[in-house]
Every structure is written in structure tokens, then in C-alpha cells.
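You will see two complexes here that share subunit A, one where it goes with subunit B and one where it goes with subunit C.
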Partner chain A sequence: MSVEAREARQPWILLSPALGAVTLLLFVPLAFILVYSFWLRTATGADQVGFYLENWREALSDAFYRDILINTLKIAAITTIVCALMGYPAAYFIARSKGNKAILLLLLMLPFWISYIIRTMSWINILGVSGAFNSALMTLGVISEPIQMLYNETTVILGLVHFLLPFMVLNVFVSLEGIDTNLEDAANSLGATKWQSFLQVTLPLSLPGLAAGGLLCFVLGAGTYITPIVLGGPTDAMFANLVFEAIITQLNWPLGSALSLMLLAVLGTLVLIYNRYLGMAQLMKGLG
Partner chain B sequence: MGWNLIRTWTLLVYLFMFLPVAVVVLLSFNASQFGSFPMTGFSLRWFIELSQNEAILRAFRTSIVLGLMTATISTTLGVLASLALVRYRVPGANVISTLLIAPILVPEVVLAVALLLFLNFMSINKSFTLLLAGHVIFTLPFVILVVQARLVSIRRDVEEAAMSLGASPRQTFFQITLPLMLPAVLAGALFAFTISFDDITGTLFWKPGGVETVPTQIFAMLRNSISPEINALGTVMILLTVGLPLLGLAIARSASTKRGS
Partner chain C sequence: MKKMDNTTRYERLRERYMNGDLDRRSFLGLIGAAGLAYGVQTPFAKYAHAAVEQVRFDGWGGVVSEAFREHAFDPYTKATGINVVDGTFGGGDEYLSRVKASQEGEYNIAHLSGVFDYARYHNLGLSSTLNEDNIPNLQYVIPKLVDVFRKVTDGKLSCVPYDYGTTGLAYNRKHISDEEMKEKGAKILIDEKLKGKIGGWGDWRTRIWFGSLQTDQDPNGATDMEAVWDAIRKHRDLSLKYWSSGAELMSLLAEEEIYVTEGWSGRIYALQEQGHDIGYMDPPNGYGWQECLFVIKGSPMEACEELLNFMLEPATSIAVAEGQNYPPALDPTKVELGDKIPTLPAFDPTGTLDGLTFADPEYWNGHEQEWSKQFGRVQKGY
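The block that comes next holds the complex of A and B.
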């Protein structure tokens, strides 16, 4: 073999373990559940191999699944908007601050490292019947009996915002850092007020970061099932809870496959639209 | 005026992020029997009870073994792939990158279901192997992103200098490239360990009955009632998951200053 040929082969040798793992543990399994979703779970618990449309008919036409899907998208959308409203000014402050940006950013990233389950359950300490809020209100004499503030849609959104906010801040920060501050100065010197130059120069230039953060918040928020279990009430199930229910509790794996693929189709479409207009590079910047 | 408003807003955002976590730490030292407000005094009793709780200790061992194995495997795969992507002109590099990142673009629930059902079909039941496979595939993209970002900054001319001074490619790799890469490798491994240690979404699908990791153990304990033991466990987890990355950062930093001097 020539030196060139060996040289050309080398990267593929280095890549093959990782590509092999992704193929065998992600792409083949995804293709498998697509096939599996057309099988049928019989009353005996065995799978009937074949091409049955029952699972898909149930997943797509049952109002129960549809309502929960819509509710899931609604919760994810509200979470994303709240993250943007809270996160954008914070990212702006860090990017334009004269202090130590690295420390400010690191501080906001710290909760990102703190266990997700701990952060989720920590709200029980704050809002539960014997939590900080109730305790404070009772001490102040505002209320005489503790109020149950937990286990509703609002607390699910609260938990999700707490979990996802760092993703938003990081992405917006990265794009704000990439903007030449001279542009803002130029707008100001041409007579724009600070607010005008922000609205017409800085904000449009930072939209890719906002979109990347928004995509992450939405996709991660819509795919969660732990937060609704810990912080939601009995009627606050999200779509991933249905998947968990079908796979782990009911052991109806073909139906669970169809539901998983439905979720993948909805969220995957968003990722594809994002990729089409903004490209993956922006997303990688925020993650890396 | 506007700037002060933004400053106050940011302060409130930081407060929002840290208050719940601070309360966990505060309550874990609470002497009160129910571990809730009002605080009745300072006590380490919940940490002592924690250290005697067999189930939690077992969960810790499982999580640590799983995390170490995940970190070893996915860092190895990730470093090799990153080397190929950064150091060589690979045709279709963009497509390959996207394929390797795909596990984080797919919702974790879907990844969990697909892997569980497929490996079950291949006669690999819920087991430690399945759990490990899941954690590897889920952490791999993060390792690749972190390692690639660091690798780009290693200058090629140092290697070329070594080779022009007569070092063989093998010598160059082990004596020049690998030491320079070490901070990136460590950062990737720590990242993988932390993500594996913290994972619950996939783990609940993959873990065999009776096996618990720390997050699933906490999740199971939450179903009863929130006990002060959970807060103590939370405090330990916070120290671990915050301490480890900071340690990693410190290692990376000291390695780079040594190199610079």
C-alpha cells in the first residue's frame, strides 16, 4: 500500500469505533423501533411480527394522546419564553460587564453541574407545605395554615426553567460576545438612542444565539418526564410520561415505539428547520 | 438607569438559580426531626444517617463504577474521533460531525426506548451492560465537543519540530502530542463522568430491577416523602458534581501554566 493510501485510511481507523458505536447504539435501534411500531403486542404478552397499523392509529387518533402532546408543546413553549425573558438580560449583563466575565459565567453555569434530580426536588423545600415560603408566611402571620403551592403546571414550568436557563444564557452570551461593540458605538454616534441601537443593531445580531438557546430549551423541555413526576400533579403528565408508561408499566413495546417516534418526529422537525436556516454550527458553539 | 435595571434583573436571576440549592444545603444541617423549616439548630445527624444507609452506599458504588467505565470508554472513542476530525482532512467531515453529535439531538427518552428495545431484541436484557452502553452513547457527543474544542488550539508546528529533529511518528505522539492533549482528555473524561453520574432519564429505562444509581435512588426516596436524608445526600452530590469540574478546570489551568513557563 502506498504512503498516501495509508495516510488516507488513518482518519477512518480513528473514526470507526465512535461511528460504529453511534450506528449500533443509536441509528440501528431507531430503525428497529420504526419496524417494531408496526408489530402488535398480543394479550399473551408476545409480539406478533407483521405490518399492523393499530399502534399508529391509536397514537395518532386517540384524543388523550393528542391533548397531552399539545399540552407538552405548550409547557415547552412557555418554558422557552420565560427562559428567554430571564436569560437574555442576564447574558447581556455578563457580556457587557466590566467585571470578571469568566467568573460571572462560571457562577451561572454551576447549577448546570448540580444534579438535575437534586435541583428539581429542591423546589419542594421552597414551595412545599413545610417549605421556606409557607414557613416565612406563617411566621409573618400572613397565613395561619400552610398553602399547597406545589404539584401543578406552574411548578412544572418553574422546575423546567430552573433546569434549562443556563442553556439559554450560555447561547445568548456566546452570540453577544461575537458582536463587535463598535457597531453599537457607531449607531449611537449617528444619533440612535441606547435603546434604539440595542433594538436595531445588537438584538438582531444576537438572534442566532437566542434561537439556539430557544431550540435547546424547547427540545429538552418537551422531552422530559422526571420534572412532571416530581413537581407536577396527577393531571400534569407530559408526552414522555406516556412513553415511560407504555414501555415500563404497561410493557406495550410496539405502542411505546410508535409514541417515541411521534415525539421524535415533532421535535426532530424543529431541529431540522433550525438546521436549514441557521445551521448546526451555532448550536455547537453554545454546547462546546 | 437602564444598566442598573439589567444589573438588578441579573442579580434576581442568580438568586433564582442558587436559592433552592442553598436551601438544600442549609436544611441538610437542620437538627429538626422532620428536616423542614423552621430550623431548630445545627446538626450533622443526617450525614451520619446517610453514611449508615446501605441502599444509598450501594447506589454510590454503582454510580461511581458506572461513571468511571463510561468515562473511560467514551473518552477513548471520543478522543480518537476528535483526532481524526481535527488532524485530518476527512471527506464529509460535517456530516460525520453531525452523526456523532446525533445522540444529543435525539430526545433522551427516545434514545432510551430505542436502545432498550433493540438490545432486548438482541437478547441483551436490562443489565449493567445495557446501562453502560446507554451512558456511553449519551456522553460521547459531549466528549467529542469538549475535546475537539481543546484540540484545535494545539499547534501542529510543535509536532513538526519534533519530527524534524528526528523523532519517529510514534515518539512524537507519545512524547509531544499526548502530553499536550492530556488536559483535553481529562476534561472530556470528567465531563463524561459527571453526565453519567447525574443521568436519570435514560437510567430509569435501562437499569435492571434492584440496581439503583444515586439519582434513581433519590427519585425512589422522593416518592415517599422528602426526608432530611435526601437533603444531606443532595449536599454531598452538590459538592461532588460542582467540585469535580472545578478540579478539572484547575488541573487544566495548572497544566497550561506549567507549559507556558
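The block that comes next holds the complex of A and C.
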């Protein structure tokens, strides 16, 4: 074998364990889900093997699924915007702070050490009728009766922001860290105010990080099902809850498979659009 | 006589050979034969033993698991050498999905709820046939509880009944009086005066059962389903939240997030034991249910039957019942149940259970596919 051929093979040899894992753990299960989506659930709950389009027809034509999907995308979009508005100043502060950057980053990572479910449930103790917030307001005499704050769409968004904010901050932080501060100084020396140099130099250069954080927040937010269960009211459901119900409650694995592939297709399209215009490199930096 | 181990056997053989009592060919032949016998026997023996090395039990966890571990699993392991692997699940639906995705024999015994679950497992081909002679403690169980299971599986049993309870109305006495509850019954859950302070279990069967009661229909044979769905919609619009676990139910009531909901009798008793002023009432035709220990097809039957017998031992049943606050399936006319159990909600001292209405498995499973899906939509505002 020639040296060129050996060198050409080397990356594939090094990549093969990772490619093998991705194939076995992602593509093979996905293929199973795809096959399942064409089966049918019988009245007893058993699956009828075959090639039926009923699940797809139902998933694509039923207004119920469309409405929940739109509502899910709406909640994910609001969450992403709130994360961006809250996350950017925090990331900017960390990136420009001197000396205590490591501590601030550690504080940012701290919530990841606690289970996501526990973090979500903590809001019950904060916003509940006898929670910390109501107790404080009543002690201060601001209110005489506790306010009902939990179990609505706002608390679902609050729970999602709590969960996703660190992803946004980290991505924006990585982006800001990569900007040469001399550029801001140069803008200032040319007569720009601090605000102008931020708007015209720093913000445009950090947009890829903001977009990467936004994509992560949106995709993770749209795929969640725990938060609406814990913090939502009777009608607050997201698309992943429909998948859960189809598979677990109704034992309808074929329909659940079609619904999960539908969500995957929508979110996958967003990732592809992002990749087409911004590339995945920034996202990888943020995740790293 | 002391049993000789293989090392001693080999040493004696070698001694005979070294002493000249055995020629070289015989010595090597015997060593070879021993090796062959070991090689052939060991792998198969391993498989034969593996079948009864452990039995897997899956239940609701918490105090029930602890009571099972102390009173049934550990004594069983001590007596038989078979380990009990103790797993938990969050609900019957979730567990069924896990069993459906498993290999035969992976799951063995499950603490299932309701006769309709028993019928569901049977319809999916997951039932087994118990040899009742191996479960002598079955004689202490209330006959009515056993008979309903026999009807589903052609006179045979794939489970033993274990406990029973009710899903009744739980209410905060600070805000709702006993008299008001008696007057309104299940309709309190659609009382507009309590908007935002009502809760409910997000389980389609329970919602339809109470919807039937709210529309004055037989919960095992509603004829006007549109009226039932409307009642469910009304309840949804007045509710603060659908709860999804016993812990959440207790938290919502204890924290006064809600004043009234339907609730599981044992959980409400636990709240009362903690000092909360929560009332409990079974309305006429209230939801009665029983739980069983179901043996899944492909399990090591004798080992499972022996474990069921340990679990049905009166001392074990009573300890578990006291832990979870649900009366055991033991017949009070045959077994002395102690002081606490007669005070538990839903307890029937006659052992006839005539006062409880159980779900008819044929009716509920016949509509399961349609109603579970429809409830999913109604629940989300449709």
C-alpha cells in the first residue's frame, strides 16, 4: 500500500470507533423508529407488522398535532428570546471581568450538578401558595392572600429558561472571548462611544455565538416534556408530551414513532438551515 | 460422610499413580475423562442454575418495597438461595412499555393495579399459569378478589391478589365541610365556586369514571359519552393541575394549592396521619380497585410461586399493608389483621367487598384505545 493510500485511510481508522457508536446508537435506533412508524397498533395494544401509512396520515393531517407543534415552537421561541436577553449581559460581564472569570464560570456550571427534574421542581417551593415568594410578600404585608403563580404557560417558560440559560451564556461567552478587545479600543479612538463600539463592533462579531446559543436553546426547549408536566397546568402540553402519551399511556408505539420523527424533522430542518448559513463550528465551540 | 472435592480426588489419583497402583495410560485416561465431564457439564449447569439464581420483582417503590425487602425478599433468599432483584416503576402504563420492549423472562413479578391491567397483560400474551398448590397462603385471600381474575384467564390464575383500596374524594376541611361533600359528592369536582382550587389525576380511566358519576351514569356502563366528555372538559377548565403521582397529590393537598381532588385512599390516610385536616369520602359508586402480584410469561414459575407464597404470608401482607395504608387481600374472617388495618379507608371487615364498585375489565379494555386517545385531546383543551 502506498504512503498516500495509508494516509488517506488513517482518519477513517481513527474515526471508526466514533462512527460505529453513532451508527449503532443513533442511526440503527432511528431506522427502527422509522420502520415502527409504518406499523399499526391493534385493539389489544399489540403491533401489527406491515406497511401502513395511517400513522403518517394522522400525524400530518390532524389539526390537533399541528396546533400542539405550533404551540411548542412558540414556547421554544419565547424561551430562546428570554434566554438571549438574559444571557447576553451575563456572558458579556463574565467575558470582560478580570481575575474572577473562573469562579463565575464555575457558578454558571453549578446548576448542571443538580438533576434537571429537581431544579424544575424547586420552583414549586419558590412560587407555590406556601412557597418562599408568597411567604415573603405576606410577611412584608404586600399581599394578604397568597397569589396563584404556578401551573401555567408562564411557569413552563420560566422552568425552561432556568434549564437553558447556561447554554446561552456559555455560547455567547465563547464568542465574546474570541473577539480582540483592541477592536473596541480602535473604535473608541476613532470617536465612537462605548455604546456605539458595542453596537457596531462587539455585537456583530458575537452574533454567531448568540445564534449557536439560540439554536441549542430552541432545539432543547422544543424537545422537552418534563417541564410542562411539573410546572404546567391541565392544558399546557408540548409536542414531546404527545410522543410520551402515545408510546407510554396509549401503548401506540407506531403513532409515537411517527410523531417523534415529525418533531425530529422540524428541528432537524432548523439545524440544517443554521448549518447552511452559519456552520456548526461555533456550536461545537460553545458545547466544548 | 464428608463430600470429596475435586482437588482431593485429583490428589488421591496422583498418589495412586505415583505409588504404582495405576498405570500411566489409565491415569491420563481418567484425567482426560474428568476434564471432559467438567467441560461438558459446567456450561450447561451454569445455564440450569441461572434460571433460578434470581427473580425480578417490580413495584411502586418507597415504603412498600422496604416492607417487601424486610418481610419477604430477605427471608425468601435465606430459605431458597434465590436473590430477589427489586425494581420500581412510576405507573402501570410505563411498566407495560418496558415489558413489551424486553426479552421473555427479563421481568418476572409485577405489583399491578386493577383487574383491567391484568386483562391487558393477558390479551398481550404476557400471562402465565400458576400452580396454586405451590402457594398455600392463597387460601387466606378474599375469594371475591381471586374470582375476578379467574374469570379473565379461564379459571386459571396468573397472579395473586394482594391489596385493595379506593379512589375517592379528598378535601381540605378548612375550606369544604363534610356536609357539603355529602351533598355534592363527585359533582364537587365541577363546582365553579372552587375554580383554580380543584385537582385531578391525569389518568383517562379515573377521569371517565368521575365524569360518569358527575353525569349520574353507571361508571361501568355510561351510555351518554358526550356528557361524560363535557364533564371532563368542565373539570379541566376549573382545575389548577392534573397530578401524576401520589407524592404530587399529597404535596398539592398539603400545601393547599388545591382544596379538593379525587385521591388514593392510602395516600390520603398518610396525609391524615401527618396531621393534615384532609377529609376522605367514597361517593356512591366510588372507584374501587385491587392490586395483584402478576407473574409474567417466561418467568421461573416454581421460584416465583414460592416467592408469592412468602409475600402472601399474613405477617408480610400485614406489614406491607400497614406501610402503604391499603388493606391487604387477606380475608379478615380467616386472618387476624391487627389494630391498624381495620382503621384504613376502604377496609371491609366482612371480607365480601360488597360496598365497593370495581372496574369491569371488559368494558374498560374494550374502549381503551379510543378513550385513552380522546382523553389525551380533551386534556389539552380540545
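Note that in this section the second predicted complex is superposed on the first by the 268 of 288 C-alpha atoms of A that agree within 3 Å, B and C clash if a C-alpha of one lies under 4 Å from a C-alpha of the other, contacts with A are read in each partner's own complex, and residues count from 1 in each chain.
Definition applied: contacts are C-beta pairs under 8 Å (C-beta built on N, C-alpha and C of every residue); 3 or more make two chains touch, one makes a residue touch a chain.
Note that the structure is a prediction, hence the values are computed from the model and not measured.
Novice: After aligning the two structures on subunit A, examine subunit B and subunit C and state clash or fit.
Specialist: Overlaying the two structures gives a clash between subunit B and subunit C.
Novice: Is A:E245 touching the first partner subunit B, the second partner subunit C, both, or neither of them?
Specialist: After superposition on chain A, A:E245 lies in contact with subunit C alone.
Novice: Answer with first, second, both or neither: which of subunit B and subunit C does A:S135 touch in the superposed model?
Specialist: Once the two structures are laid over each other on A, A:S135 reaches subunit B alone.
Novice: Looking at the overlay, what does A:L150 touch: subunit B (first), subunit C (second), both, or neither?
Specialist: second
Novice: Is A:L164 touching anything from subunit B or subunit C once the two structures are fitted on A? First, second, both or neither.
Specialist: So A:L164 meets neither subunit B nor subunit C here.
Novice: In the overlay, answer first, second, both or neither for which of subunit B and subunit C A:A95 touches.
Specialist: neither
Novice: Which partner does A:I75 contact after superposing on A: first (subunit B), second (subunit C), both, neither?
Specialist: Neither partner.
Novice: One more residue to check, A:V271. First (subunit B), second (subunit C), both or neither?
Specialist: In the superposed model, A:V271 contacts subunit B only, not subunit C.
Novice: More residues of subunit A in touch with subunit C or with subunit B?
Specialist: Between subunit B and subunit C, B touches the greater number of residues in subunit A.
Novice: Does the superposition put A:I124 against subunit B (first), subunit C (second), both, or neither?
Specialist: In the superposed model, A:I124 contacts both subunit B and subunit C.
Novice: Could you say whether A:T44 touches subunit B, subunit C, both of them, or neither, answering first, second, both or neither?
Specialist: A:T44 sits against subunit C, while subunit B stays out of touch.
Novice: Looking only at the overlay on chain A, choose which of 19-27, 73-81 or 217-225 in subunit B hits subunit C.
Specialist: Of the candidate stretches of subunit B, subunit C runs into 217-225.
Novice: Between subunit B and subunit C, which residues of subunit A are contacted by each of them?
Specialist: After superposing on chain A, subunit A residues 124, 128, 130, 247-248, 253 contact both subunit B and subunit C.
Novice: If you look only at subunit A, which of its residues touch subunit C in the complex?
Specialist: 41, 43-46, 64, 68, 124, 128-130, 148, 150-151, 229, 232-235, 237, 242, 245, 247-253
Novice: Touching subunit A in the complex: which residues of subunit B?
Specialist: 2, 6-7, 9-10, 13-14, 16-21, 23-24, 27, 34, 36-38, 76-78, 80-81, 83-85, 87-88, 90, 96-111, 113-119, 121, 133-134, 136-137, 140, 142, 144-146, 148-149, 194, 197-198, 200-201, 204-205, 214-215, 218-219, 222, 226, 230-231, 234, 237-238, 241-242, 245
Novice: Which residues of subunit A touch subunit B in their complex?
Specialist: Result: residues 10-12, 14-15, 17-19, 21-22, 25-30, 32-33, 36, 86-87, 89-90, 92-94, 107-108, 110-111, 113-119, 121-126, 128, 130-132, 134-136, 139, 162, 165-166, 169, 194-195, 219-220, 222-226, 230, 240, 243-244, 247-248, 253, 256-257, 260-261, 263-264, 267-268, 271, 280, 284, 287-288 of subunit A touch subunit B.
Novice: Taking the complex as given, what residues does subunit C use to touch subunit A?
Specialist: Going through subunit C, the ones touching subunit A are 91, 93-94, 96-97, 100, 120, 123-125, 196, 202, 204, 236-237, 239-242, 244, 251, 255-257, 368-369, 372-373, 376-377, 379-382.
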